[in-house]
Amino acid sequence: MNRRIIEENVFRFLMIASLCIVIGSLVIIFGLVAVNGISSLSIEMVTKTPSPDNPLGGGILNAIVGSLLLALPATCFASIIGIGIALYLQSDFLHPGISNFIRFMLDVLWGVPSIVYGIFCFTIMIYLGMGASILVGMVALTLLEVPIITRCMDEAIKMVPIGLKEGAYSLGSTKFETAVRVVQKQAFPGILAGILLGLGRGIGDAASILFTAGFSNRIPTSIFDSTAALPTMIFNLFSLPSGQPKAYAAAFILLVIVVIISVCSRLLTRKFRQNVIK
Amino acid sequence: MDKRKLRDLIGTKLMLMVVLFISSIFFLIFILLFYKSTLVLERTSIIDVLFSSTWNPDYGQFGLAPVIVGTMLVTGIALIIAIPISLLSAIYIAEYAPKRIRRILRPFIDVLAGVPSVVYGLCAFLILVPLVKEVIAPWFGVQSTGLCIFTAAIALSVMVFPIIISLCIESFDAIPIALKEASLSVGATKWETIKKVVFRASAPSVIAAILLGFGRAFGETIAVNMVIGNMFNQIPSSLFQPGQTLASLIASKYGELMSIPLHESALMLVALILFVVVLLFNLAGLLILRRAKKRWKY
Amino acid sequence: MNYQIETKNLNVYYHNNNALKNINIKIPAKQLTAVIGPSGCGKTTLLKSFNRLLEIQEDVKISGQIIVDGENILDRKASEVPDIRKKMGLLSQKPYPLPMSIYENVAYGLRIHHDKTEDELDQSVEQCLQEAGLWNEVKDRLDDPASRLSLGQQQRLCLARAIAVKPEVLLCDEPTSALDPISAQQIEKLLLKLKKDYTVILVTHTLRQAKRVADYVIFLYFGEVVEEGPADEVFNHPKHPQTKAYLDGEIG
């Protein structure tokens, strides 16, 4: 019996040590970014664009606006596409074999490195004679986010109890009406979580927009303009000592956005869970 | 036609179109990558590409061997570090932690999962690189700039933690409590129950989690690019030498090589390899899960 | 009469709700004691307090004494609890075979306590499966996953698994409620056979089952013991009006 207790205690120790490593990494990351980010953050940093004669001076407003202009529309489109796919994947519409194949495709697309989406859009962009712009970057982000959002919505919808749907059908509801009015409401917390997950991923991704969104020191005025974005700015500036203040500031803003999204996700899902039937 | 029926028809057809759209994206990407890779494969054989170390684009030589080795090293080491740490953390959070601590830890893990790759890369650059250069490499008696395979592997392992941990916690939580009671009631300790029953029952999900973690590590572009040193003229002889991975290579070289079709084609081939590997691993994961579900119904 | 288990002022609190109130009972050894009462009155809670299985849940507080073979098991340290549990086998409402083969399910407890060699294990497994009445049905497929058995067979497997570690007490929590009538009958017959060698405590909310198998009866109503005594007395000459009401089907 002693041997068994000793084994358990050894592993308990290892478990706590592992947990400390994980939590420690998080603390280090946040600590580093927060400490350096806050010190580089100033009113000037977030309200000005880089000055034309000194690109490393000024602020990062161009990147902030650029990121929002890229990620928000992309998330909207991806969500609309996503909810359509996710609802259609229910067994009421498609043969289960087909819907499982589509789920498999979505899983692969989720796992594909984001730079592949970047290359894909870039190639088509060149082929169509377009230049790097918000439009192309937005498309790349949409493609990146669709699998994520769709699969999350799909999982939420799968958990809707079949009795709920049967109840709606027996009242004379069509498949489409049931999908839109009943299923989506029941699965709403999960759907919302999926959308926020996609948004978080989209706003933080650099590889897909590296070649497709281009770069600019100014705030874009049309969707055909190139634009800077927070992740690409960090990527471009991190190794230059004079660029590091901006990189820190951008990283800090990104982290704040990520935490806000995470918190919102929890709060909103909890709020909408009240309407959900267990 | 009745208005409701019309709405139903249009709505259903729209959804169908969207589904077809996404399916076609899948095939379009594959076909595009494949098509663009053919150019380079006409000039060099696939064997040369995979096994040679000579990278001389102007002479049509695209030896990827150092990059492939680099990818395997970085991914392998990252997983070797991440898997035990993640599993142990997940077991603790799911089975041992008091409720209050659990409630704080779960959001922590979620936030860790949401941190963008660039930020991981930035932190790795600012902390790990000097650490490796000043402390770790000298400890092994090696000189290093800090921009090396080892640094990339450590950074990757941290990125993989939250993926494996959160999936494992979910699957441990899904084990019915009565199963644990069944084990405890014959006199097993808590740890023995976890070792022999909980783990076994959730093994397929744990494997799926590890495969997902592998996918993340394998495909990570940005963070790796920032700390690995981006050199691949020879197969790395030490972990503290700079190296390169497949995904990071594309990010590095796309700018300079995209104007020349042959060079672009080589990078497309790399992208194709990435796509195919992700596809194969997803397939493997699916088959494992399916087979395991047939044997054990939980 | 020899008493195996005795409780003194046992109180169990679930999230500040007093689920078991001042339980003072005595369980006779090597007999079948039926714990009867309406659903949700604490029968399962009482059972699971005997092998200290309640503590794995959060927000559970237990006070009082549970005396098994002369000592208060609630006093023992956490590290000794697995040994206490070894003495009490548990049969749940819904059979939960472990995610292993049939053989490994029965051998599970034996392997943990490191008692035997492989040959001895084989013998023990066969013996337990025989006692549980399952041997003939599974002897050719011991390596099959246990999940492939029917529900009735799974429950008998759980029984074999429980008696493998040679407990003194068998805690049975409505073991037949999830089974079809034929399997239920088989389990009942087994319990009747086993009560000669083990102290069996059977929680049931089917009065007819209790009447068929019980030697001793405890009637639990909303967490309190209303009446206890030999089966004959409680069923035919109940002393408490509530007992009579329950037996007549007026309550529960």
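As written, the chain order gives the labels A, B and C, with residue 1 at the start of each chain.
The criterion applied here is as follows: contacts are C-beta pairs under 8 Å (C-beta built on N, C-alpha and C of every residue); 3 or more make two chains touch, one makes a residue touch a chain.
This structure is a prediction, so every number in the text was calculated from the model and none was measured.
Trainee: If you tally contacting C-beta pairs for every chain pair, which pair wins?
Mentor: A-B
Trainee: Sort the other chains by how far their Cα centres are from that of chain A and give me the top one.
Mentor: C
Trainee: Measure off the straight-line distance from the CA centroid of chain B to the CA centroid of chain C, and report it in whole Å.
Mentor: 48
Trainee: State, to the nearest whole Å, the distance from the C-alpha centre of chain A to the C-alpha centre of chain B.
Mentor: Taking the mean C-alpha position of each chain, the two centres sit 17 Å apart.
Trainee: Would you kindly tell me how far, in whole Å, the mean C-alpha position of chain C lies from that of chain A?
Mentor: Once rounded, the distance between the two centres reads 51 Å.
Trainee: Enumerate the residues of chain A that touch no fewer than two other chains.
Mentor: Within chain A, the residues that touch at least two other chains are 4-5.
Trainee: Residues of chain C that contact two or more other chains, please.
Mentor: 82-83, 112, in rising order.
Trainee: Could you list which residues of chain B touch at least two other chains?
Mentor: As it turns out, chain B has residues touching two or more other chains at 189-190, 192.
Trainee: Give every residue of chain B touching chain C within the complex, in rising order.
Mentor: 98-99, 176-190, 192, 196-197, 200-201, 295-298
Trainee: Given the complex with chain B, which residues does chain A contribute to the contact?
Mentor: It is residues 4-5, 7-8, 11-12, 14-19, 21-23, 25-26, 28-29, 32-33, 81, 84-85, 87-89, 93-94, 102, 104-109, 111-117, 119-120, 122-123, 143, 146, 150, 174-177, 180, 197, 200-201, 203-207, 210-211, 231, 234-235, 238-239, 247-248, 251, 254-255, 258-259, 261-262, 266 of chain A that touch chain B.
Trainee: Within the complex, which stretch of chain C touches chain B?
Mentor: Going by the criterion above, the answer is residues 48, 51, 53, 56-58, 82-83, 85-86, 88-90, 92, 94, 96-100, 108-109, 112-113, 145, 147, 158, 161-162, 164-165, 171.
Trainee: Could you please specify the touching residues of chain B with respect to chain A in the complex?
Mentor: Answer in residue numbers: 4-5, 7-8, 11-12, 14-16, 18-19, 21-23, 25-26, 28-29, 32-33, 36, 84-86, 88-89, 91-93, 96, 105, 107-112, 114-123, 125-127, 158, 161-162, 165, 189-192, 212, 215, 218-222, 225-226, 247, 250-251, 254-255, 258, 267-268, 271, 274-275, 278-279, 281-283, 286.
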